[in-house]
Every structure is written in C-alpha cells, then in structure tokens.
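Pasting the structures here.
Common to both upcoming complexes is chain A, partnered first by chain B, then by chain C.
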Partner chain A sequence: MIDQLGNGLLLGIIISVASVALSLLYGVTRIVNFAHGEIIALGAIVTLFFSGPIDSRVLFLERFSPLGMSFVTSAIIGIIFCGVFGGLLELLLFRPLRKAEVGNIAVLVVTIGLSIFIRHLYLLFATGRVQNFPLDLERRQTYLFFEMTPRNFKVLIAGLIVMIVIGLFLTFTRMGKAMRAVRDSGELASVSGINSDSIILFTWISSSMLAGLAGIFQAIINDVRYNMGFLILLLIFAGTVLGGIGTSFGAMVGGLLIGIFVQVSVALPFMEGHTEAKNAVALAIMILILLFRPQGIFGQKERIS
Partner chain B sequence: MKLSAKWVVTILLTIFSIYLVFVLNEEGPLRILFNLLTFAGIYGLAAIGLNVHFGLTGLLNFGHASFMGVGAYVTLLLIPHAAGREGEITESGLPFLLALFIGIISASLFGLLLGLPAIRLRGDYLAIVTIAAAEIFRLLVRDLESITGGVYGIINFSDSLQQYRPIYFENFVSRYELNPSQVWVGLLSWISILFVLVILKRLTNSPWGRALRAVREDEDAVRALGKNAVWLKLQSFMLGAGIAGLAGVFLAFNYGSLQTTTFVPLLTFYVWAIMILGGVGSLSGPIFGSIIFWVIISETDKLAALIFENANGQQLAGVRFVLVGLLIMVLMIFRPSGLLGKKEELLLNVK
Partner chain C sequence: MNKPILECNGIAAGYVKGLNILQGIDLVVSEGEIISIIGPNGAGKSTLLKAIMGLINVSAGRFFINGVDKTNLSTHKIINEGIGYVPQVENVFPSLTIEENLEIGAWSLAKNRKSSITKVLNDFPLLNERKKEKAGNLSGGQRQILALARALVTSPNLLLLDEPSAGLSPVAINEVFKTINEINEKNVSILLVEQNAKRALKFSNRGYVLDQGRNAYQGEGEELLNDPRVVDLYLGKL
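Here is the complex of A and B:
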C-alpha cells in the first residue's frame, strides 16, 4: 500500500501539472481541449530528439546528426517548443475560430480532430516504438516512507515547486490577476482595459509549456511513446473535474488525488489480479463527481446542466 | 424528395469515389469494392445511430464504441463460440435471432445508463462522461477474462450467421471471386440500413421526432409545453445505442473474431467523421458519407506508399488516421453540415 502511495504521488504530480494547464486554458478560453495530450507528448518527444543518442532516434530523425545535448538543456528546449506550438495553435487556429464566432461544440470537435491528426503525425515521424530518455538506471532509495529512485524524487519535488510558483503567479502578479479576471468574466475584463486577446495567447503559451513539462515528467518516470498523452488525457480530465473545473488550485489537488486513487486502487482487495482496470476506478470517480457534485471539491456552483 | 443541388453533388461524389476504386486498382477492384462497401455498411449503420443522438437530439455522445461493443459481446456470448486463452468452447446457445435481439436490447439499456448523465450535464461535459464510460466498458471487458475472453477475444462464432446464407447466393458471389461470407455480412448490414432508415423516417416525421428536435433547439420550451424532455433524451439514447449495437454485431462477424482493441475511442471518432461528412441531422447522409469515407480510407495505402518507400502496417494506419483527424477538423471548420446536413439544424453552441 505504502509503495503504491509513492507511485500514486508520482502519477499524481504529472496529472496535477497537466490538469492545472488544462484548467487554466478552460477557464480563460472555455475550450475543452482534447489535443492537450498531444502537447504533453510533444514535450517528451522534442526532449528525446535533442538529448537522445542516434540509435534511439527514429525514422526521419535518423537523417540528422546526433545532437546528444545535455538532458536539462533538451528539456528546456522541449518546454519552449511546446510554448511556441501552443501559441501558434492559438494564432493560426483558435483565434480565427473565436473571431468567426464558431460555437463551443464545434471547437470541441475540432480539438478532437486536431488530437487525432497530431498524434498520428507522431506515429508516422516518431514511430510507435516505446523509447526512453538516455538517462542512467538508478537504484531505489527510501525517502521518509516512500521508495523511489532519486530521479523520480526530484521529479516530485520539482512538480511541487512548479505548483507553488503557479499559485504565487496567479495570486500576486498582474498577469495572473488579469488571467483570473478574464476567466471570471471576459466582458468585464475588457471593459476594465484588459486586452483579452493577449491574455488568451499568454494562457495558450503557458498552458502548453506546463503540458510539455508534464510530458517530460511522465517520460522520465515511464517512457516516451507517441500516444502517451492520449493515454493519460482522461485521467487529466478526471483530475480537473474532481478539483473543480476552471479552478487552478482545485486542479492541483484533484490531479494529485486521482493519481493516488489510481495507484492505490491496485492494492485494494477486490482489485487483486485486475491491475489493468485501475484507470477505470479514476474514470468512475470522475463520472460520479460530475453527476453528484459537478462543481468538484473546490469549484463554485455554476450552471453546467 | 426534391433533387436539390446538395443531393446531386452527394450522389455524383459517391459515384465518383466508387469509380476511383476501379481506376486505382488494376487487380481485383471488385473484391476491394465489396470489402469497403461492407465496412461502409457497418459504419454507416453506426453513424445513423450516432445521428439520432447528435443530429436529431443534440446529445454529444463520444462513447459510441461502447454501444457497438455491448451489442457485439452480448450477442456473441449467447451463441455458440470459443473464448479466452484456452479457446474454451461453448457449444450450446440461443438461436441467432433471439441472441441478436437480446444484444440490441442490451445495447439500448447501456444507452439508457449512459444517458442518465445527459439529464444533468451540458454538452461538453457529456462528451467527457461518455468517452470515459466507454473506456470503463472497454477496460472491464478486457479485465473480465473468464466471461469475455479478455485480450484473447472470442472466435468461432461465424456459423450462426453464415448458416442462413443461401446456396445460390454463394454460387453467385463465388463466380466473381468474392468472399461469400463477407459479402453476406455486407448485404445484411445494408439491408439493415434500409430497414432502420424506413423506421427512422417514420419516427422523425412523427410528433415524437419533432419533440426530439425541439429538445435540441430549446429544452426549456419543450418543458414548458408539458413534454418530458428527460425521457425524450433517454429514448433517443436508447434508440441510437440499439442501432449501434446492431452495427457492432455486424462488425464482429465481418472480422470473424471479437477483440477488445476494436472498441477503442478511435472507433467512435471514425463514426463521428462519417456522420459529419455525410451530414449531421440528415437521415440518409451517413450512407453516402460512409461510402466516400471508406474509399478515402482504403485508398490511403497508395498515398502512404508515395510518402514512405516501404510503408509498414503502422505507417499505413498512421496515414489513415492523420487523414481522419484532418477531415474532422476541416469539415467542422468549413462545412459543419457535411454533404447533406442543414446548417440551421446544427447544435454547435451550448451556453
């Protein structure tokens, strides 16, 4: 059980970071972004591309000379790449859709199409092979009462620091306040002189960078694969919903809880021999929350029916 | 039926895409055509079911694969089959038609279950709930190996359907070097489409059909007029799910074996692409959408061969899905009403 708790915290921190990103984007733009998972995978794939030795590279990537940059540099490049990608998505796709007043259901379907499109581009150009970052194997150690590798422990700490930074940013900086203002009411925000277009662009960029970071975390703990983002997407939705849709702090807690639920459920007596079904537990929790407390743990009552 | 420009374009496009099959395949175009027509029939049937949900009633259902799965699993488990790692044989079973009936009813009841959240939830949340519920279904089926065969699936069930295949049909089809059992499945799926369309045509023109459309347009108005909007939504969910269940059975018989991997979310997205292409809210739109879609899909391997020197199965699938994603995006942005839909009947925005 305790072992699973450690695993749960690790999965939780990934989901948490990704959920905050999804929740920020939803709050400011009202877009339910099914392509979120693909941005997560992008972070991991770009990082692998810059850090990997040539033999773990793939297909068209093989035509480039080995880059083999240091892991941290590659990760930073990966995150920046995701930010640029998110910004381009907003400028080239979602802003024109917003200006054309395309309905939110149509935009939702567009993000689903986008998700399928990008994911299979990864399959084509980064192959379906499961790969790992070029990092040394490490032995597990005991931290407090959890057993995990030092690297995974660093991921956990880094994730917590990122959360705190986001929290401080949203609460105290002008930009963070502006984002929350646009989230609460776009019209009121623009009346008080906030340029909501640039806020939305900034949200896309920062949300995508966070997603990329979550992808790198996930790839460190598990591995890189083309559909890694889609596999975890529903858990991210679950985390977001559990914490309360559109609330950043809720998403943090919700994500952590979902990660812990998923991993700890493996240790439950009736789950013995049914580890494959562990994700079903988290999804069931999400459905129940949506039905009986749709505003989540921390959300305020809002019309969602 | 007035032959409007929309219809002319749709029919011409369909004929052109069938013509393309003959142009692009020098060897055995007929075989390829009948293969893709079988898939088109099955997926078209599923898309008609989805259209009852989204097109008619405005319910954003992204769990369609699970309805198809429930129909297929319940039906196959009730007829003679072999399942699981050891291929455990079940020789006794219900008559096929009775099993099929129970399968369709089960899919409908699962639709009722999945429809319950629709009472409370707004469109985009319903999308998340339905896709999650479909995943739960798939994970459970994969996990309950003792009942469903788990990852090893179900095999040896085809005879139940193929026993009805007449001898003269077999002789006729074999003359053209086609696969009789597949053409039989295809024929039955197209007959089912006609059957379902006739029923739906009557239903949608009835007061009940108008009430469903009214739920899509303005639920409060429906309530104010004393109609039970909740029950209407649930009925819509059950009807569409039942149709999807039938499609799922045909899908299983077409493959000849039943695997959990068939019912991944991508199956749902295929059906969505077909529905959008054919026309949301148009009864017969999905038929044409399905044929054109499958011609595109089945000819992509040539496209893939152009891009990659020796395209493997994974790359073929990749090119297909890149196209599917692109198709969904482009249609939704530039022509959300598809080939035969009406723009004013689309539900594209929820408050």
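Here is the complex of A and C:
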C-alpha cells in the first residue's frame, strides 16, 4: 500500500501540473482543450529529439538526426517549444475563432479535431514505438516512507516546487491577479484597462509550458510515446473537475488526489488481477465526491445578489 | 455651458453585423453634469454605453472625447481617456478580494497605484474595513459601491453607470444614489442609464429619452419629468 502511495504521488504530481495548466487555460479562455494531451506529449517528444543519442534510431531518425544535447538543456528547449506552440495556437487559431465569436461547443470540437490531427502527426513522424529518455538506470531508495529512484524523487520535489511557484505567482504578482481578473470577467477586465488578448496569449504560453513540463515528468517516470498525453487526459480532466473547475489551487490538489486514488486502488483486495481497471476506481471516487460537493473541493459557491 | 467631455454624433451600433440597435444617437455630456438616459426595454440604453466603451463595434457615427475623435478605440485604452464604466452585471471580480479589485481598477495607471488605491479606500470606509474579503461575498449594494470605487481609482472625468440600482433593495438604492451624488460633487460627470426613470430624471441635470435606438426627446431633468409625451410614454401617471 505504501509503495502504491509513493507511485500515486508521482502520478499525482504529473496530473497535478497538467491539471493546473488545463485549469488556467479554461479559467481565462473558457476553452476545454482536448488537445492538451498532445502539448504534454510534445514536451516529451521535443526533449527526446534533442537529447537522444546520435546513433540511436529514435524519433524522426528517418528524416533528422537527434542532436545529443544534455538532458536538462533538451528539457528546457522542450518546455520553450511547447510555449511557442501554445502561443501560435492562440494567435493563428483560437484568437481568430474568438474574434469571429465562434461558440464554446464549436471551439471544443475544434480542440478534439486538433488533438486527433496532432496525435496522428506524431504517429506519422515520430512512429508508434515506445522510447525512453537517454538516462542512466537507477536503484530505488527509501525516502521517508516511500521507495523510489532518486530521479523520480527529484521529479516529485520539482513538481511540488512548481506548484508552490504557480500558487505564489497567481496570488501575489500583478500578472497573476490580472489572469484571475480575466477569468472572472474578461469584459470587466478590459474596461479596467487590461488588454485581455495579451493576458490570454500569456495564459496559452504558460499553460503550454506547464503541459510540456508535465509531459517531461511523465516520460522520465514512464516512457515517451506518441499518445502519452491522450492516455492521461481523462485523469487530468478528472483532477481539474475534482479540485473545482477553473480554480488552479483546486486543480493542484485534485490532480494529486486522482493520482493517489489511481495507484492506491491497485492495492485494494478486489483489484487483484485487474490492475488495468485502476482508473475506474479513481473516477468512481471522483463521481462520489462530486455528488456531495458539486462545485469540486476548492470550487466556491458564489453569492447571487 | 461647460466644456463637453463626451460627444456622440449619429452613433449606429449593434451586437450583430448588419443589425444595428442604435440607429443614429446624438448625445453630449459636459463637465460636472449628471445626464440620464431613459427609455423602454430594448431602446438601446445599455448598448450605447457599450458602444462608447468599445465593447461593440460602431458601424456609423463618431465619438469625441474632449474634442478628439476616439471612435472604435480599443476597450482597454478608453480608460486612459478619463472614462470609467460600471456595467450592470458582472461589475466586480468575485474571486478577487476587495483590495485586488481596486488593484485591477488601477491597472492602467503608470505610477501612484498604491496611493490611488489608498485614497479610494479612505473614501469608502466600508470597503477599507473589509478589503481582504472576497468581492463575491458582498451584498448587491456593497458590490455596486465596490464597482463604483474600482472605476474611481483612475480619477476619471466621466463615469458611465449602467443601471446602478438594478436588483437592489430600497435602502441600498438610496445608498448608491447618495454615493453617485458625492462622486459628482467632486466634479466627475455622470452618464447614467436607469430603469427607474423618475428617480433618474429628478437626480439629473439633463436627460435623453431613447426609443428604438433613436433620440426621442431630450431636455432638463425636471422638464422631461413634466413633459406629457414622456409621461404618457414612459413614466406613467405622476
């Protein structure tokens, strides 16, 4: 059980970072981004592309050679690449749709189409083979109660630090407050002098960078595959909804809880031999919690005046 | 007559392209004035304020702010022209604290943000006492006061108020109108859209009656209150 709790924390931190990214974007733009999973995968794929050993047959090798750069440098490039990609999505696709006053449901369908399109581009160019970052194998060690590799422990700590930094950013910085203001009311923010378009662009970039980071975390703990983001997308949505949709602090906690529910459920007696069904238990718990707290754990009921 | 702050000449605008709700509105607000816009539902009162704020596209006509053409200026830049706006709904940021609402109100100020916020908090002791509370916890009347305070942080010359009494209790309405009067006494002009036409006209220097997106009547507040055409059409028996 303790082992599974450790695994749950690791999965939880990935989902948590990805959920915060999704929640930030939804909060500010009201877009339910089904292509979020593909941005997660992009972070891992770009990192692998830049860090893969030159003589290996990894992604894109039929056409390009990986550059064999250091892992950290590659990860930074991967995160920046995701930010640029997110910014371009806003400038070239979602801003024009917004200006044309395309409805939320139509935009949601666009993100689904985009998700399928990008995922199959990855399949086309990056192949369906499962890859790993060129990192040394490590022995598991004990940290407090949990056993995990030093690298995974670093991922856990890095994820927690990222969460704290995002929390501080949203609470105390001018830009963080502006993002929360646009989330509450874009129109009121505009008449208060805030250029909502700039805030939305910033949100796309930062949300995509966070998604890319979540993808790199996921690939460190597991592996790189073209549909890796899609595979955990449902859990990310679950984390976002459980925490309270549109609340970043809720998404942090909701993501962590979903990760823990998924992994701990493996240790339940009736799950023996059915570990592939572990998501079912986590999602059932989410539904139960929402029955008693429909606004999510951190979602707030608002006074109607 | 005092210097005009805002002039609208033949404004046509609407929410959907090719379907104008405003069909050529003329209006002038001068320094220190309180101007009311009244009219039946659908006359285009709130739409006019949104058009001035750049929230909807103006297809014909011109806006002049302090004599300079500012037609279709981006919404977030209008605040720099000395105009504040309090919408009818969604007039505060509910998840932000009162103090954060005022900080967002001060967004466009290049300097003296803190002192501007402190000055507004001193002018509204109720807000000062509760500045760390979420705006979403405030009552309707308190929200309206916060909305006014947020719009005042930048020290505007003209405030556009969209139905500030909507949905409020009689006590809260009195409080809001008293606050608006105090703001005007500090030489801030007011352009007020109100459903409560009698109260608005009594309160105003001048008024405009809109009907189906056009100017129907205009004149001094008391004059319109006693105009039988306006009484019959919009005010009922006095």
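Going forward, the second predicted complex is superposed on the first by the 281 of 305 C-alpha atoms of A that agree within 3 Å, B and C clash if a C-alpha of one lies under 4 Å from a C-alpha of the other, contacts with A are read in each partner's own complex, and residues count from 1 in each chain.
Here is the rule we use: contacts are C-beta pairs under 8 Å (C-beta built on N, C-alpha and C of every residue); 3 or more make two chains touch, one makes a residue touch a chain.
Quick caveat: nothing in here was measured; it's all calculated off a predicted structure.
In the three-chain model built by superposing on chain A, chain B fits alongside chain C with no clash. Contact with neither chain B nor chain C is seen for A:95 once the two complexes are overlaid on the shared chain. By the touch criterion defined above, A:195 lies against chain C but remains apart from chain B after alignment on the C-alpha atoms of chain A.
In the overlay built on the shared chain, the residue A:181 is in contact with chain C alone; chain B does not reach it. Of the two partner chains placed by superposition, only chain B is touched by A:277; chain C is not. Of the two partner chains, chain B is the only one that A:290 touches; chain C does not reach it. After the chain A superposition, the centres of chain B and chain C are separated by 90° when viewed from the C-alpha centre of chain A, nearest 10. Of the two partners chain B and chain C, more chain A residues are in touch with B. Minimum Cα separation between chain B and chain C in the superposed model: 15 Å. Overlap of the chain B and chain C interfaces on chain A: residues 303, 305. Interface residues of chain A facing chain C in the complex, by the touch rule stated above, are 174, 177-178, 180-181, 183-185, 187-196, 300, 302-303, 305. Of all residues in chain A, only 32, 97, 102-106, 108-110, 112-121, 123-124, 127-128, 234, 237-238, 241, 274, 276-277, 279-280, 283-284, 286-287, 290-291, 294, 303-305 touch chain B in the complex they form.
Chain B meets chain A in the complex at residues 60, 62, 116-117, 119-125, 127-129, 131-133, 135-136, 139-140, 142-143, 266, 269, 272, 276, 314-315, 317-322, 324-330, 332-333, 336, 347-351.
Residues of chain C that touch chain A in their complex: 53, 55, 74-80, 85, 87, 90-96, 100, 103-105, 107-108, 134, 136-140, 143, 150, 154, 167.
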